[in-house]
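My questions all concern the structure below.
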């Protein structure tokens, strides 16, 4: 499982994420402080999504890969502090539970 | 084969599962106590689905989006005790039969 | 190549197989005594389908994976004795011919 | 590269091949004496298709559904002698040219 | 990266390539002297396409695999001398630049 | 992660990229000085896209069609100096952060 945080994501980066998010391209996510990215197996991403949403005030989205059917990345949107804290919580649970 | 149980799944987590469940997004599953996740090869998931439904009062759904293509994820919805019991039954059969 | 037999498949299990079978979801297969599952490479599945249909009175269906394009499992529907016999025949041919 | 020949293919087997052949399900192939199957990487299958068609009076079709994505299957339809001869030619070229 | 040249490609072979080429099935490519095939990773194929078009008077097409989303082979159409020369140029660049 | 720069990309090469870019085939990108290609895992490509756009005056696009599914390709369009500089910046960050 890999994690990354992008602060003040650029326009092209948000366009890629908006095009590939599971809830569709209609409701574009914009003016975001930070985005956390978590890539791993599907079962891990679903659990990570749950941890992130319970830990702090962020929203999560599944990001599709090359095939529309594949969810391969989790995006966590919010202010920098919340996203950082959500990613930390995911990493901590991962290590503690030998998930 | 990997198993996880999520208690009181968050809204974003249920949204991801509802979008990706095999029976379509129309009949949304809501107000669920717990969800059990089982990820493995398609043949294992079909057998696991059968064990879960025969063991306890839960419903099962196949979740699209695992990668590679011959992997899928099974979601088991129900109250915490039933989901836990279904997951235990799957694990037990797996070990007993060297499935 | 992996084989499994499910006796009196549960409702959710048949729903997963009906949604994913190659002939489409229209003609649902129901009230089935047993279902045999064979997972392997595409060339193996096509040969296994032929052996099953020639050996006993069963019907075979290709089962799709995550992508609609992928056939990754063969389902053999029929009464328990016929399905068991078809699976045995497939295994025997597999071993004899070093298929 | 794997090769198999099915003589007098059963109805369910032809249904799977007809559903998955590249030229579509409209023009069904029926009453076929034999079908040769060749599975390998896409570049190999295109070359094999060319060898088969040049060697003997058979028709070739690409079959969708192999996994992983850069694998496809080639089906060679014709009478038993022609299909056998086409498969032999493919194997011979494969070995000679260290293809 | 694998390369192959097919001289006077057969009808069934051209049908497979026409069905799978990126520019669609509408504008069929016919009466071709030779076709060069190059299979590799996407980044390699795009670079190879550029080398082929700059070296000689050939046209290039991306060939899809099992999923419509996947480009997995490059086809180079033209007369035998041009196709051969394009393939040679690709191989030379590949080796020189330790691409 | 692999990087390549194509100077004065040929017509067929731009056609492949235009057909496969995430923003669709409608708004064709043309008359481009250079294109930088970066292939890697989805999470890396999103980060690389952000670095490229912040470093210099280029535009980025995700290119569909890599295989396996968790791989995509990023295309960076702009004048030769800007594309080269963006690729350098991506490589530098990659090495510095042991990304």
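Labels A, B, C, D, E and F are assigned to the chains in the order they are written; within every chain, residues are numbered from 1.
Following the convention adopted for this analysis, contacts are C-beta pairs under 8 Å (C-beta built on N, C-alpha and C of every residue); 3 or more make two chains touch, one makes a residue touch a chain.
This is a predicted model, so every value here is computed, not measured.
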Chain C on chain D, rotation in degrees - Cα superposition, rounded to nearest 5: 60
Distance-maximising chain from chain D - centres being C-alpha averages: A
From chain F, the most remote chain by mean C-alpha position: C
Chain B against chain A, contact positions shared by both copies (same if over half, else different): different
Mean-CA-position distance for chain E and chain C (Å): 38
Chain B-chain E separation of Cα centroids, rounded to whole Å: 44
Distance from chain F to chain E - Cα centre to Cα centre, in angstrom: 22
Per-residue multi-chain contacts in chain E, two or more chains: 65-67, 69-70, 72
Residues of chain A defined as touching chain B within the complex: 22-23, 41-43, 45-47, 49-50, 52-54, 59-62, 65, 69-72, 99
Chain B-facing residues of chain C, complex: 2, 4, 6, 9-13, 15-17, 19-20, 37-39, 63, 65-67, 70, 72-73
